[in-house]
Amino acid sequence: MAGSTYGNRFKIMTWGESHGEALGVVVDGCPAGLELCEEDIQKLLDRRKPGQSKFTTPRKEADKVKILSGVFEGKTTGTPISMVVFNTNQRSGDYSEIAGYYRPGHADYTFDAKYGFRDYRGGGRSSARETIGRVAAGAIALKILESLGITLHAYAKEIGGIAIDYEKFDLQAARENAFTMPDKEAAAKVEAYATQKIQEGDSIGGIIECVVEGMMPGIGEPVFDKLDASLGKAMLSIGAVKGFEIGSGFEAAKMTGSENNDSFVMKDGKLTKKTNHAGGVLGGMSDGSNIVFRAAVKPTPSISAVQDTVNKDGENIEISIKGRHDPMIVPRAVVVVEAMTALTLVDLIFENMTARLDGICAFYNRSK
Amino acid sequence: MAGSTYGNRFKIMTWGESHGEALGVVVDGCPAGLELCEEDIQKLLDRRKPGQSKFTTPRKEADKVKILSGVFEGKTTGTPISMVVFNTNQRSGDYSEIAGYYRPGHADYTFDAKYGFRDYRGGGRSSARETIGRVAAGAIALKILESLGITLHAYAKEIGGIAIDYEKFDLQAARENAFTMPDKEAAAKVEAYATQKIQEGDSIGGIIECVVEGMMPGIGEPVFDKLDASLGKAMLSIGAVKGFEIGSGFEAAKMTGSENNDSFVMKDGKLTKKTNHAGGVLGGMSDGSNIVFRAAVKPTPSISAVQDTVNKDGENIEISIKGRHDPMIVPRAVVVVEAMTALTLVDLIFENMTARLDGICAFYNRSK
Amino acid sequence: MAGSTYGNRFKIMTWGESHGEALGVVVDGCPAGLELCEEDIQKLLDRRKPGQSKFTTPRKEADKVKILSGVFEGKTTGTPISMVVFNTNQRSGDYSEIAGYYRPGHADYTFDAKYGFRDYRGGGRSSARETIGRVAAGAIALKILESLGITLHAYAKEIGGIAIDYEKFDLQAARENAFTMPDKEAAAKVEAYATQKIQEGDSIGGIIECVVEGMMPGIGEPVFDKLDASLGKAMLSIGAVKGFEIGSGFEAAKMTGSENNDSFVMKDGKLTKKTNHAGGVLGGMSDGSNIVFRAAVKPTPSISAVQDTVNKDGENIEISIKGRHDPMIVPRAVVVVEAMTALTLVDLIFENMTARLDGICAFYNRSK
Amino acid sequence: MAGSTYGNRFKIMTWGESHGEALGVVVDGCPAGLELCEEDIQKLLDRRKPGQSKFTTPRKEADKVKILSGVFEGKTTGTPISMVVFNTNQRSGDYSEIAGYYRPGHADYTFDAKYGFRDYRGGGRSSARETIGRVAAGAIALKILESLGITLHAYAKEIGGIAIDYEKFDLQAARENAFTMPDKEAAAKVEAYATQKIQEGDSIGGIIECVVEGMMPGIGEPVFDKLDASLGKAMLSIGAVKGFEIGSGFEAAKMTGSENNDSFVMKDGKLTKKTNHAGGVLGGMSDGSNIVFRAAVKPTPSISAVQDTVNKDGENIEISIKGRHDPMIVPRAVVVVEAMTALTLVDLIFENMTARLDGICAFYNRSK
């Protein structure tokens, strides 16, 4: 286990602290023959970069990725791909104060409880910068999905309680506004609300939705490694995510069977479903419909408003957290959701290749 | 991966189909020296048994467990524990019809898509009987937790949209009514609603809540194998679970940071939290508070009401599912939630033993 | 880890003690569509059965296997296959004496050291009966190899220092004599030597050789999961195996590069090697030649001759082990070598399916 | 699997090609609180560095390691430790010729067979430089062993057929001569023989022996993850290793039970063994004696003498390999043997912590 390794077939190990020398990831199990260059990775990393609007931390990080192994003459070789982003803008001074107390909503206390001490600079390993490795590896997974005809996109479905209106759904808008909301009007309302909360020294949460298109049926393992269970773990492994649901999710708990069941129907000679309450997964395996799921993201725990807490000497104190923080996590987490989704899907798609003996025989006969 | 294996340190492999010879589980990694007898397992299995009220399937299954290995003179030996429940009440005839079509909300189609064919008798491996192995193994995990001073209980928080009132919370009631609801009045309302839905040939869903008490802090790994992420996967791996949330969960998405953050406070010389919006987990590690989470359960997909679907020849047809089915899944899933929670906690508690060098050295010096 | 689980893609969990209720195995990850019946398993199990000549223990065990799950209408379904062999001939009385002392060459002491106590009846989990689960699972792996055109056979290369003469190599003989030696004359010499050693209350060791034919090139992972490293672990995991070598093995250590290197050469338009000092593996991957390796097997530690040892009270004592024991391990271990080889090869063959992106794309395009 | 990941509890992922940007390793699962600095790693890396005598390749590599994460204020934090060595002396021109043909005894052909093409520069991932990551991670494992009172040392037992004389065993000598031989006279003979073989453009093999002292009993899992099986895989995963044996190894195959069994005996109130034919492992678990094993290393396949082979166009050709190569692999592999041994032992020592319930309870009660 050990915690910083993800995936069984397309396996990654991420590393790095917020204010250490660098952060990165190694990918073990990427197939040979994928065209890959640093720009492929950088594109995705740039989407998680801070400092892109006043609603994200003003901290500037170049976050330039370097590929150190596993690629030769523009193609992956099948050997581990090591990627690194060197830290260039650490201001440890900003954070020295937090060494002495436990910030509410943060992992300061639990790190100390588990390990005896912690790298307190910028949250150390529990910083959002930890996701750099995930996103870099996810960029590779996304390229593999693409070569299989699978695409996916995540966006903010709701921020600060303000939800998008699906009647006005506009995916392009999600790529253009600071909140990744596919509804300009909702985004405008969020802007007003967020501006107010920033002034109050407070922060807000939201819900990210992700849709996968072009998925073949049968992906996911029927018992413990269900597709939805795996996606759930992937999402909940992202700091600040407190809930996950697929398809109708928590709404399904209030429905009757006759409402919630998706009838199968033949359409143009193809088996399909009339509705998609299931969110594209039946019995833990993809059913060929779009996969649709949501992750609930808590408000940023770092707020400048005064809070009660405890210091390392066991005294009750009051604090006000300084430094450069995102007033909301959702916009920058959207790309992490996409990365983790891609990593999970690739792993299960690879796993599925040995589900049937005829498929295995055909595979090896073909290569004869 | 392969799907029927769960856990890394306390590892289980479950097997068996609804109408096969037997179902069971092997536990690899149970420590030596735990007192264990068949009655310990049977007690938990009996709680998932069908036929205990008119709100569960009238199918009768003795479900008597047998321990075949790993226990000697009343104690576990550290070697694999194999447990088996032989099937005694299979009526394959009841199910032969479903061989030819795809039931909405079931895994019939996805099994065919993945494996080319399926054991259609009673749902085969996707039957709820698959959970027998989980519960049997979970009973052992619960005994280990108990020896560490950790207890847990799950119950129905909501069924058919009818929620419990925490003012009237009564855990004993949950063990006594057919719905596992810790609120007698809510249970009475559910009974009326469920009776009506059964008459309509329909089914209902609900929400299960689980609380873990006595957890030491620091359990869970800080990145991918977070405690909440692992619990989420555990819950979502249970058939019919469509959503998971920890602490305030989806509500947290609507809150501000100042509302959602739990202030730390010293109380009787012990660090604690004023509130528990976090649900007992910070940064993926237990914080010493109660762990509180919920799983959303969809309504039983098997309903006798008429439904549209498709048969294996690709024709649109109408069906009405016969046979013995639970009108709601929640009551019998409660014990599965407890089992999966115990399995997950034990695995992470074992994992945590190598978090600190001083702990490792003390462990080996002690045994010198 | 936990020790009784083997394989990553074709994963097995074995269980059972010599004198417990039963022994068995669960296979998680067997592809769907393999024709399988109990007779397929029984055939291989019968080859490891005791009591087949005076050179194996006279203990009689029916060792009848039962398949409890994962097969429907004569074919594997892709779900876990559970197999069990009930114990029918335990005579615990024979073994009660050994509860009190540590037999030289056995795991009695180390079991106590690790677990605090042990199931001493017949060696418990460290009995050779533990291999029943391996052989049952290996029978399935062998069927998968067969469907890919791969065959393998193991035999005694040397027993009690008496080696076969490759000039007289006769594989059929190996299936007919009590020693599995592919050389009748060597077998006759072993018979004389073994008879003498039995009379002296002593036991003898030997070397098993295994040859795999029809292997496609490229199987095995180039760094830690090399094909030869994996085979080595497989062999050394068999009780009594103390050494492993592939190709020229320890002889290679005495050779020069010009002697040991196998020249490549085109033959009938096909790349091949002039010699096979490498044993069919280059850089940890199969090279298309036969895979050839050997395992050194120590003499049976249970001997009736008097030995010094220590009892549980820490007293130096003399013992003479009674009971029914094999005077040599090699003949019955041959089928275990075949089983473990098959399990290892299938696992790596499955792993290899995601080595190249073009192969993955072709696989999924084919099934579209 | 995926091949470049090793260990389950103390897990490492190595990466890097001979002539890529860099090589390195990430360690996931190192406990917190270990004092660690770059010098700890560098010391071990320096022992595998080329160019230290005329019997290793004259290629100069600074091989300076950098720790990029997981250490804070001189101590490990429990988070992944990333280490990197940048390549500074790649001369790709030397190697361009080998792109077109398959060198005998090398992985050129098998890499092409598996992945479709290969990074041919300096052997790419199959270069001995791949072991840099192993040695860097092994240095950490060695420090953990040291804190548990366990030490280990490897040395050349035999080179070019010239074996050490145990009567003249001198461990200090092994650290001083170019051949790592603990017998000065044998080393002198090897020097003469090796000098001659270098002149002939040929290379030689040998045998490495490793001894572990101070091991607690009970380490290793009794079935598949036996201590000796795990060490065997570790050794055979090192390029050029073709055989492995523990204790008497292949000699045990020629012995009788009465010769090979090690009698237990009480000595100074402590259970010990009169002999150590077992090599310190009984039933796959350490027995408290020294662990003693050997690895057979083939001669360097890169030789300047003329060899037959095949090129990528399928033509039979003659080649003479140019470039800078070690005339023997043993001396530089000794430190890799030590590193892999340490990694394997730490993994199994960590695994063993959950073998007994009383140990687990004591561990958690202690920390209360």
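Order as written gives the chain letters A, B, C and D; numbering starts at 1 within each chain.
Definition applied: contacts are C-beta pairs under 8 Å (C-beta built on N, C-alpha and C of every residue); 3 or more make two chains touch, one makes a residue touch a chain.
Here the structure is a predicted model, which means the values were calculated and not measured.
J.: Tell me which chains count as touching both subunit A and subunit D.
T.: Looking at subunit D and subunit A together, the chains touching each of them are B, C.
J.: Starting at subunit A, figure out the least number of steps needed to reach subunit C through touching chains.
T.: Between subunit A and subunit C, the shortest chain-hopping route counts 1.
J.: Subunit B to subunit C: how many Å between their CA centres?
T.: Here subunit B and subunit C have centroids separated by 38 Å.
J.: Measuring from the mean C-alpha position of subunit C to the mean C-alpha position of subunit D, what distance in angstrom results?
T.: 26
J.: On a C-alpha centroid basis, what's the spacing between subunit B and subunit D, in Å?
T.: Whole-Å distance between the two chain centres: 45.
J.: Quick check: what residues of subunit B touch more than one other chain, meaning two or more?
T.: Residues 1-5, 8-10, 14, 29, 32-33, 78-79, 114-116, 125, 222, 355-356, 358.
J.: Write out the stretch or stretches of subunit D touching subunit A in their complex.
T.: On the subunit D side, the touching residues are 1-5, 9-11, 13-17, 20-24, 26, 28-29, 32-33, 66-70, 72, 75, 77-82, 84, 114-119, 121, 124-125.
J.: Would you mind writing out the residues of subunit D in touch with subunit C in their complex?
T.: Listed in rising order, the residues are 1-6, 8-9, 14, 102, 104-107, 109-111, 113-116, 125-126, 130, 158, 160-161, 197, 202-207, 217-226, 228-230, 232-237, 239, 242-250, 252-266, 269, 271, 274, 278-279, 282-288, 296-303, 305, 307-310, 314-316, 347-348, 351-352, 355-356, 358.
J.: Per the contact definition, I'd like the list of subunit A residues that touch subunit C in the complex.
T.: These residues of subunit A touch subunit C: 8-10, 29, 31-34, 76, 78-79, 144, 147-148, 216, 222, 349-350, 353-364, 366-368.
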